[in-house]
Structures are given as structure tokens and as C-alpha cells.
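The structures come next, written out as C-alpha cells.
One chain, subunit A, links the two complexes that follow: it is found with subunit B in the first and with subunit C in the second.
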Partner chain A sequence: MPASLPSTETAGRATPGILRRLPTSGVAMVGLGIVLFWVVLALLAPVLPMPDPNKSDYAAMSAPFSSAKHWLGVDSLGRDLMSRIIWGGRTVLAVAPLAVLAAYTVGCIMGLLAGYYRGWVDTLVSRASDVILSFPVIVLYVILIANIGPSALNIVVAVVLASSPGIARIVRGLVLSLMHQEFVAAAYMRRESDIFVMVIELLPNCRGPLITDFCLRLGYTTITIGTLGFLGLGLPPPNPDWGGMVKQATAMITVFPHMSLYPTVALVSLILGFNLLADGLTELSQAD
Partner chain B sequence: MIRYMLRRGAEMLITLLVASFLVFLVTEFSPGNVARKTLGAFALQSQVDLLYEKLHLNDPLLVRYVRWAGVLTGLQADPLQDPALKLDFKDPRGDQYFGNFGYSTLYKAPVNDVLWDRLGNTALLAGLAFAVIVPLSLLLGVLAGMRAGTTLDRVVSTISIIMTSIPEFALGVILVAVFVVWLKLLPGTSPLKNNSGWPIWTQLILPVSVLALYDAGYVARIVRASMAEVMAKPYVRTAVLKGLPWRTVILRHALRNALIAPFTVILLQINWLIGGVVVTELVFAYPGFGRMLLDASLFGDVSLIEAATLIALFVATATQLLSDIGYRLLDPQARR
Partner chain C sequence: MALLSIRDLRVEYRTSRGTVAAIPDFSLDIGAGESFGLVGESGCGKSTLIMAIMGYMGRNGGMPRGQILFEGKDLARATPEELRAIRGGRIAIVYQEPATALNPSLTIGQQLMEVPIAHTGASQREARAAAARVLQDVHLPDPDSVMRRYPHQLSGGQKQRVVIAMALLANPALLLLDEPTTGLDVTVEATVLDLLNELRQKYGTALFYISHNLGVIAQVCDRIGVMYAGRLVEDAPAAELFAHPRHPYTRGLLASLPRPGADKHSHPLVSIPGVVPSAGRAPESCGFLTRCGFATPGVCDAAPVAMIDSGAGHLVRCARWQDLPAEQVAAAATRGAAVRESDVVMDAHDISRVFPVGRRKLLANDRLNMAAQRGHVLAVVGESGSGKSTFAKVLAGLDTATGGKLRVMGADLASVPVRRRTPQQVAAIQMVFQNPDGTLNPSHPVGWPLARALRKFGIASGKADIEKRVTALLDMVRLPPSLRHALPRQLSGGQKQRIAIARAFAGNPELLVADEPVSALDVSVQAAVINLLLRIQEEQGTTLVFISHDLGLVRYLADEVVVMYLGQVMEAGPTAAIFEPPYHPYTEALLSAVPVPDPSIRTKRIRLQGEIPSPLNVPAGCRFATRCPRKLGTICDTTPPPRRDNRDGHVIHCHIPLEQLAEVEPVFRHAS
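This part shows the complex of A and B:
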């Protein structure tokens, strides 16, 4: 999307940043609202007057539906569903951004090196990316996590491995298109170091498309974390994990559909929030 | 063009080779693990050690990879079928033939006996999903992109962004809740057997819907974006201004150009579908390739994981190759 790149005269200090124009996009604001809703709940989880997410209320198990004590009912082990959903949101909202940030760090380094040095570095990075990207994503996650074991750290590792090549590709393309700009030539004239040119001059000028891609990837990663949980490769029990909660409850879906539907709705709403945010950002950047 | 195809084909083979090494690295990195997983959790440590020795598992990874590739291509006999090991791994095809994927410890059968039926079932599922995705997403995308900004465009765009925000397993749960639990119209599992009280075609509706709805939303968005871009081009304006009927403008001028970019995206959906079937097949207990891969991974069935991943990789890279070549054939600008 070269259209969203800042023009040369404002290079480095771009025109009103895409993030500052965010309030003008209704779609983006709805998305941001949904995401913030979950962020606030996740932050408040320890102080909200809710039952412990891992404590069973055996009295409530005979009628696990919503009641004054358990607003959304309880799961098959008598644990409060609302509490588990909010605590589960905490995990997703911690792991997903962390994983995407880590993937971005690796991807930006790969993309900067490939686009800046070209030659064999570029060939190496591009070929390695091709290999990783030729894997169907879920298959890659499944064989990786099944072999290195399910844990929050390993999910981050798997996300880095699976998404950094895609990020590297985008950054490489952006860097290639920026290399001919005057501010890069100016930096050379000042005899700036390679690292300075890459990190201070090039990287900030890639940020428009990268911000959008970041939001999209947050959505994908949330899907991935949920899906892994559902496949039984998520966070180890008893910690609440949305995908894992759905998996546990699907066996009883004919009797107690609410046990699987509530965490599903929670997950879908968060992903929708990220996607709407990304959609709004795309529209803003295309309006440039 | 021929040279381009040959070059791309060679690149695909190299990618496959490197990727297969990666798969081997992930599954067989720790050699002790391989011996243990082959024999199962109840084998004595002495048996594990014996197998470790017989299979030369202390050799470097690269040596073991070459040996594994040798078994796969039929240059070497499968060491696991050696009767001296008393593993009772029997393959009617013999122990040395091209395409020998080894022996599945989960299903207690040669991988080739397990793999192909399930792959056929999955091909049926994915094929049906594809047959829904392509027309549906093209129709919605073109209609929405044709007059960007109208109510129809808004509705289609909103629905597709919602569809892409629902992971396959979540969509499965929602559809089961509505059509199985609430309306009692369809079966909740799809074992593809006739004795379950539901005809086989009814068992296919929900899994196909899950795969198709998620992907169709995504492809429709791409088609819409491409169509909207083309509609803003000067040649479309010219066509309108010179008084051509709207139909002709769309069919002869806009569509041809708007569908080049989605063509590649649509073929790449096959890569997505392979991942999608893993989840969908688990939700509906569908006897397919994806669930087999998941079961094999959870069980630690080394040979079956390697075989299944290789096939998934082959399908993915082959469609990538097809889409690249197709793109070249369709887009005169890319040919130069």
C-alpha cells in the first residue's frame, strides 16, 4: 500500500498520524470500544466481586443456569462462568499482544535486513519465509505445540515462528520502496550507521501499513489461541482459557448449551473488535 | 513461460525438501522420544534402549533425516519392519517401496492403510466447501464492490467481517446450538455412516457450512476490494460515459480485471482449508485427514505426523504453484 506512505517532504514526521485520526472512523471506534471493554474487565478481574474462577460451587451444579449468585451460570464442575470468562480474557489479552509484539520484533529485524542489504541476506530471509509460509498455519501450530508442549510461552514461540515471515515480507517490501527516498540519501550523506538508517529512518516510515497489519494479526492470534485451546493444545487446566472452556463444554451442548455459547460469544466479540479496528484503520489509510 | 514453470517447479521441490526437514526436526529432534513413542508408554526401559540402538538413533539428525528420506523413496528398507525387533509391524506392500511412510503406532497399521481413505473423506468435505465458497464469495464481492458505498455494500461488508471474526470451532458450536439443539434439523456429528439415523448428505451440511462461511467472508472481502478498485479506474468511467449498457461495463470491462487478484487468493484458500478441516473434523467427529493429524500429534505417532504433514505441505505448495502460474497467464502485466 504505497498510497499510505508519507510523502518525502514530511518524511520521518508524517502528516497527522493514522492513530490520531482514529476518532473519525466509526468502524474503528466500535472495534476499539469492544477491545477496551475486555481490557477493562481483564484489568479489574482481581477486584471485581466474583467467585474464584477455579472454585467449584457444588450446590449450583444441579441447576447450572444463570442465577443471582452466578450471573452466567456455572460450568460442568460448578465453576462460575462469568468469572472464568473474565479471567480467561486476561490470559488472551496478555498472550495475544505479547506474541504479536514478539513476532513483530523478529519480523521487523528480518524484513529490515532483507530490504536494506538485499543480496544473499534477502535471498536467505525470503526463502526461509517461503518455507514457513508454505505450511498450512494450523498444521504448523499443531505439530509444533504437540511436540514442545502446551504453555503460554510455547504459544508465543509458535506464533513468532508462524507469523514473523509474513511480517518480514511486508517490512521488506516497504523498505525496498523507501530506499530511493531523499531522507535515506540524506542519512547516508550524514554518514549515519546502517543500524541508525534502518531503525530511526526506515522503520518509523513503515508504520502506517504495519499498524493495520498489527491489529489484523491480533485478531488472527486471538483466533489461534482460541483454536489451540479448543484442540486441547492451549493453556494447561485448570486455568480458564476460552477455547478450552468451549472444548470442555461441547460434549454437553445438547443439555447445557450456555456453557459453550458464552465463552464462544466472548471470543468472537474480542476478535470482531480487533478486526473492526483493523478495518477502520485500512479505510483511514486508503483515504490518504 | 515454460522456463518460468520449470523454475517455479524446482523452487517448489526445494521448499518441500527444506520443509520436510523442518517437520523431521520438530518430530524427531529428541531421539529417545522417538523410541519411546514407537513402543508406547508401557514398554520397559530396556526395550526402549534396545530399539534406540537398533535404529541408530544416536546418529546426527541429518544422517537420520537422509535415512528417513531413503525409506520414504524406497531406496532403503524400513528398519521398524525388521522381524528381529519383534514389533509385529507388518506391511503387505513389503518393507521397501516408493512412498513408504512407515508404520502408524496409533492405528497399529501401515500409514498407507490409514491415510488415503481419510484423505478422500477430507477431499470430499473440502471440495464441497470450495464449491460453495467460490460462487458465493464472487457473487457477494462483485455485487458489493460494483457500487461501493451503497446499502448493499455496507450489508455485505458487515456480514463478511463478522464471518471472518468467528473461528471455525466457534461457528461449529453456534451452528450446532441452533440447528441441532434448538431446531433439531440436522445431526451434530458426521461419522459418514448410514446407521446413525441420518442420511450421509445431511451429515455433510454443517461441516461444509462451517468451512464455507468462514472462508467465503474472507474471499468476498478481497473480491469486493478488487472490484471497488477497478470500478474507480478511468477505463470503466470511459466505458460508462460512452454509453455502454451497465451489464456490458461490468461483464466485459470491470469483471475481467477485478477477478485477477482474487484468483490467486481463491487458490490459496486451499491452504487455509487444510487447517480448517483439522478444527471442523474435530467438532463434528468427521473421519478425515485433519482429525487424524490432530490425533496423531496428540498421541505422538511420529510416522503418521510426518506423512500427514508432508501431504498437507504438498497440497499447499502445489496450489501456490498453480496460483502463481495462473496469475501469470491471466495478467498480461505480470507476464512481461
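This part shows the complex of A and C:
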């Protein structure tokens, strides 16, 4: 009789993972919608019936406003604005996730090592992070890109250098608190290696806060790419680049405001999309 | 007229899953000056009831039906202003966690003085005098100095005394106590319970005491209510309830507690199958229906069962209460004593663990000696800070000793961390941890650590073989194989601890270290997990080192007991010898502090004064000298006590000769 019948013990309510509960958050869904809008446009760019983004329509230059041929008008060189914005979205949406992913790889390794081993490893990682984080980010980017030259790869390198210390800090903090959990001791009681404990036991439990941070960082990186473009440190011309388009149009902002307004709206909406998505995810993770 | 009268109360919460009735229908009367105890496992709705009385319902809560009449006023319909006047004034509350009840940035004095200033408009001077007086009443030495201190400068027990003092300051008619001693050590708990009894006499306050611990309730309350699934299922005078429990749930709760004098061979614990249904999921007719062994179709599931008066003020909500057998007969114990060969599996000799703290030394373990026989259960008991968990970690290799020898399987493992132990040694010494919520990795399905352990210990290889063995392990802990794919958060606490036990047994261990494995579980689940652990341990002939602060449980399951205090062994020996004179004075005090869930048993009253000293600054002579009620004199302060050998390996470290220690009367006696 004792210790029988536990099969009648019903399991507690299951809360599905945060990503699966995404549809329950209105804020997150709006954010996701905006981001998906740009992703779909970027993917379809080659097949959409639009003028070539780098081809000038000299006839339209005299009246660069919206027309049946150029829905959003043309820029100062007669290139179709809508086409340039959509093609420009392609670069942002390719470079930003790539850069953030790369920063995450480096940041997670640094954070795991620091939080797991503590001692001198932690001191080294933390102090190095402090040094990098104490620079104003934009100055850091300008110095870097000015030195290594503007290109998509160099933007990725710059984002990794500037973002990974922040990511490392988050991971380190999470790992420090997870190390007190008994499942880590249980892993030692199975003779698991350090690498195994870090990657298989600890890292998956960091994912909640990291998913939110990932979306936020996508937003920041989009800002960065825009800023670098505006400073002339983005993709080399004639590649369409949102920041570059704004810069090019600033000289004529009083006469042809739409030339700088449209790419700005595009930039703002994408950043807003990422931030709303992050807000929604935070909300969901706090509801746990 | 009753002081507090709850009438047909319904408490609901709006959630994303719809409206949930946390309390479907609840009625209760508490008279002025009465002491009423409400018992129930977690999830029964006890805390919800307290929140409803205090009017802390949150934005998604509501009371669509019923009344909470307090001194004639309906709290369920009171305005926020009316509630504010009553809370902390006529009704005061003491919560479970004293640390969070006090504001860390204000002194104790400031926080206490607020009460009379806010409720009676007292002047600063009057408030200060009242605060000092009430601190004296809760027996805090030197009230003036306590008033100048901040909460972090007080111990847990002292903080709870301050919270009680604060609650009493406005001279309330009703004091709500929500598990006020749950986080405290047993010796501190005993003094707080004494204090509550004393203050009740002095102030004439009615107590509404909520706890899951029947032993604690038995110490403080005249009348006891048992709550299940948001309803009161039994309500009776305390002595009557323990003598004649009528509801199957109450009987189940009592049967799942070890009683003094009972052990695993004579009176096995009986657990209640299943778990408490989540709020709003219990059957409407009888909430206990799904877990009740006496449920009869057509009788129990027909109409909602009403409270029935069974005479002598004993109310019970059970349609079949008259049909139930007079006493629940425990399964006959046929196990008896297994073959006990004298074969030492673990021998700890002078184990020390010293942590350097700056220039000082923290003595967590100081020359510990103990041995565990093959197939036996060795219990290590002591209050928090006694170093028992440190010893468990050294055994498991999660920490290493700074001195001494630890012989297990012919090797000295005292300073060999788990990483440097051989696979055989690691598989042979396994551990079950305390916290069910931390013991499993939330990211992996529960079958995963089992499969991983089987592979790492070389027990099984190949997918099919591992699958088969994982299923066998789950079966061993009586869990269905389908649970293998569930994530830990889908499991109950008891189920998680079962997985932890299965994991520890994956490598066929010789020695299992269990560090408070059931202290975080509800009593009915506790009994099931303990029974399971003991059954597997006995079947496999595993040696169990059981770390615990629960002496009732230890008496039930242990073959040998080691009593630790401040990093040293005070007393060790066979379980029967520990619970009878001669006692070490510390063991005697520890035993007398145990709340016994049976009013027919008289417990000798010995209360320890003060707090356990810091392990950074240990007394030079006997470690227990600073708190010992039987201290001889300076010899106790200056000279470490001699080892005194009683019969059968019973050892007491004390300056008092054995003959004098044997002269005391036993701690537990039947009242008759």
C-alpha cells in the first residue's frame, strides 16, 4: 500500500515555450508584423516590377515627386526611391542579423567562460568589456570603420566588437546564478566535462532573456547601420543604403523633403518593429 | 457572536484560462480570544483565504458571493478606507518570511513606532514607550538597542519576534498567522510557539493560525479546521481531531506523518495518492473524491456534501463518515530487520572543512567521525549552520575536506573531488538534492539526465538499450514511461524528486547521500517519496546517508543517528539510543523542540536561549557550552568534552558523566 498509486499524480500545468506563446501578445505580433513586412519585401525585391535601383530616370528628375511610374518619386540622381528603399532593406536585413549573430557567438563564449570559471578569466573578460563599453559606441564605430574601411563585413566586425561585451555581461550574470542550481551539481555527479556543462546544461537556460536582448540588439544594429550610412561609412556607393540615402538628400531637405523622409520612415519602422517584438517578449517572460 | 464569521464565501480569480474559483464555498466562525488552526497542503486555498480577509485581492480577484463579517462589518464589501483602518489595527497579520515583512532601510524602532502613531495617533514619546514595552513582551533582550538596529542585524527568529511585536502593538482582536515559523530552525520555532501561547493569554487576542504542519498547529490551537480544495472538510476541537479524525483527508494527513515511537518497520508511513487539484478543478460534490480510498459512486459524487455535525462540536464534510473503519489500519510490517552484517561502507575519520575568510577561519566541519554500515540508513541531524550539508558535499565530492580521511570502497576520498574520482567511485557515491525545483535542468526532458547517467556510467550503450533502462528506472520510482518526454516544469515537486532518485540510482550506487530530500515537499507527498526511497534502498542494499533537520522523520527511518552542532558531532549511536536517555543536552533540547502532531503525548519543555554561534568564532571548549541548559561551569568553556561510550556504539561528547545524563526523564511521554 505505501508508495503505490503515484501514477494518479497529475502533471502540473504545462506552460509552452516563450516563442510558442508569441501569438498571445498583441505588442509582439505588431512588431513581428512590421519586421515580416520588410523581410517579405526584401525577399521579393528581385521579382517585384520596379525600376532598377541604380538606374537614373533623367526624365523624372525635373519633377522628382511621386508619379505613376515612380510611386515614391526619385532621388537627386533620378533613381527610383521605392526600389532603392526595398533594395536597401535587403542589405539591412542581411547585415544586421548576421552581425548580431556573430556578436552573440563571441559574447556567449566570453560570458560562459567568465561566469563558469570566475577568478582570473572573469577578471580578464570583465575588465576588457569595461574598457570597450566605456567608449561612446558611435565613436568606436567611426574609428573602426574609418580604419578598416566601409564594407558589409567590416560592419559585422564593428558590431561584434561593440556588442559582444554587453552580451557577455548578460550571459555571465545568468551563468553565475545558474551555477548555484542543483542540476549543475547533478551534472558533476555524472562526471560531465566543463564544456558539456557550459554548452548543454547552462546555455539553454539563458535563452529567455537572450531572445529578448537579441531583438533589441537587432534594433540597435539597424540604427548603427543607418548611422554609419549617414556618416558615409556604410556600404560603398552606388549600393542602396537607407542611411546613405538620407545623407545624400539632406542638402535638398527644404526643397525635396520626401527624399530623406521616406528612407527615414523605413528605418524608424523597422527599428520600431524590433523593439515592439522585444517588448512583447519581455512581457511574456515576466508573465511566467 | 463570533469575532470573525465567514459566510458562504466564494473567491474567484480571472486568468487567461477563464475565471477560476480558488475558494468555491467557505464558511467559518472564530470566537473572540479563540485560537483556531487551519491546516492544508499547498494549493488548498489557505493563503487565498488570508488575502481575502485582508482585502488584498489584486486586480483580477473578486468575491462575488458571501460575507466576511468581522466585528459585525462585512470586509468583503468594505471600502479601501475602511479596510485600511482595520488592517494593522483590529486585524494584524504575521507572514511566513520575516525578512521581507520588515523594511530593510528603517530601524526596528521606526517601524514599530509607526503603528501606534498611525492607528491611535500617539505621540513620538508614547509610541516609543509602547514599542519598547511590546519588545519586552516578545522577550527580546535589551529593547532599546534592538530599536536602534536595522533588520539585517537581527537573526531570523529575532526578526519574527519583531514582526509579532509589531502585529500586537495596535492590540488587535484577531491575529492572522500565515506559516510564521516555517523558515525557522526547530529550536527557534519552539520558542516562537511558546511566545504565541504566552501572548495569547496576556493580550486575549484571537489567533487564526495557518500551517501545513499539524505538529505546530497542535501546539498552539484549541480548534482545528482542515481545508481541502478551497473548502473546510473537518472542524473540531484539537484533542478531538487528533483522537478521532473523521474525514479521509485528515486521516491521510495524520497517517503520512511519522509519530513518536514509530519506525519504518512497525508503522510504515501511508501516503495520500495523487496531488491537490489545481484551483477550480476539484469535483463539485466532494473535492477529495479523486484521491479518496473510500469514495463510493452514487453517494460521494451525487450532490455537494454538506458539513455534518458528528457530535461534540466535531464537524465533518464526508457523506460516508459513519461507514469508515474506526481506525485506518496500516499495512502489516513484514519486512522486519534485514540481515545486518557488520560491514562499514563509509568511514569518516577526523574530517575537517575549513574555509579561509580573510585572516580568520570558518570551521564548517571540525574533526567529524562517523561510519555507515552496508544497507543501513545513517541520519545526520542538526540545525542550519551545523555543517551537515558541507559534510554531504564532501562525501559526494562536490567539495573537498581540508583534513581527515574518508574511506569508501577501500580508497581515501576525503580530498578527491568528483572530477578526479574514477567512474566507478562516482557511480558508487551518488546524491539526491534538497530542492525539487533546482534538481532538474529546466531545458531538458526528464528522461534526459537518466539516459545521460546510464551512458556516462557505462551501464548502457546503444539507443534501444538506454531506452529500455530509462523505462526501467522510471518504473522503479513508479512513474509512467511516457513521462520521459515531459519537461521538469510539467512535473509536481514529488515527481521531480522521484526523477532525482531514479537518476541517483542509475549507476547502482553503494552509498546514497540524500540532503534533506523531502523537506520542500508537502507531507502527503513526503511520505510517498520517503517510502519509495526506503524501498529501493532496501531492495538494492544501498547505504543511505540521510541529512535532515526533521527528527520525527529521522526516528522513523534511520538505523543510526549522528547529531551535529557547529561542525562537530555531539552524539552518535543507534536510533533507539538517541531517542532515550542518556541524552546529550543538545539532543535533549532538540527533541523537546519537535512539534508533535499528537496532543496525547507530553513533551518535556527545554528551550535553548540565544543563537547558534558563528562558525568563524567557535567556543574553545564544548561547542554547545554557550547555549547549554546543563552547563557545568568553566570546564565546559575551556576544555573540549571527553568522549563517553554508552552501550552498542552509542557515543556522547559531554563533560557530564553518563550516569547523570541517564537520570533525566524521557522527552516524550504518553499523557495517560
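Here are some notes:
In this section, the second predicted complex is superposed on the first by the 273 of 288 C-alpha atoms of A that agree within 3 Å, B and C clash if a C-alpha of one lies under 4 Å from a C-alpha of the other, contacts with A are read in each partner's own complex, and residues count from 1 in each chain.
FYI, a residue touches a chain if its C-beta (ideal position, glycine included) is under 8 Å from a C-beta of that chain, and two chains touch if they have at least 3 such contacts.
Computed from a predicted structure; not experimentally measured.
In the superposition on chain A, contact of A:E201 is made with subunit C only, not with subunit B. Applying the stated contact rule after C-alpha superposition, one finds that A:A102 touches neither subunit B nor subunit C.
By the document's definition of touching, of the two partners only subunit C reaches A:E192; subunit B does not.
Of the two partner chains, neither subunit B nor subunit C is touched by A:A45. Shared-chain residue A:T24: touches subunit C; no touch with subunit B. By the touch criterion stated above, A:I223 is placed in contact with subunit B alone, subunit C being left untouched.
Of the two partner chains, subunit C is the only one touched by A:F183; subunit B is not.
Within subunit A, not a single residue is touched by subunit B in the first complex and by subunit C in the second. Only residues 16, 268-271, 273-275, 277-278, 290-291, 331, 396-398, 418-419, 421, 423, 426, 430-431, 433-435, 438-444, 449, 452-453, 456-457, 478-480, 483, 486-487, 489-492, 494-495, 498, 500, 503-504, 527-528, 531-532, 535 of subunit C touch subunit A when the two sit together in their complex.
Residues of subunit A touching subunit C in their complex: 1-15, 24, 180-183, 185-192, 201, 204-205, 207. Residues of subunit B touching subunit A in their complex: 11, 15-16, 18-19, 22-23, 26-27, 29, 161-162, 164-170, 173-174, 176-177, 180-182, 188, 271-272, 274-276, 278-279, 282-283, 293-294, 297-298, 300, 305, 309, 312-313, 316-317, 320.
Of all residues in subunit A, those touching subunit B in their complex are 127, 130-131, 134-139, 142-144, 146-147, 219, 223, 226-227, 230-233, 243, 246-247, 250, 253-254, 257, 260-261, 264, 267-268, 271-272, 275-276, 279.
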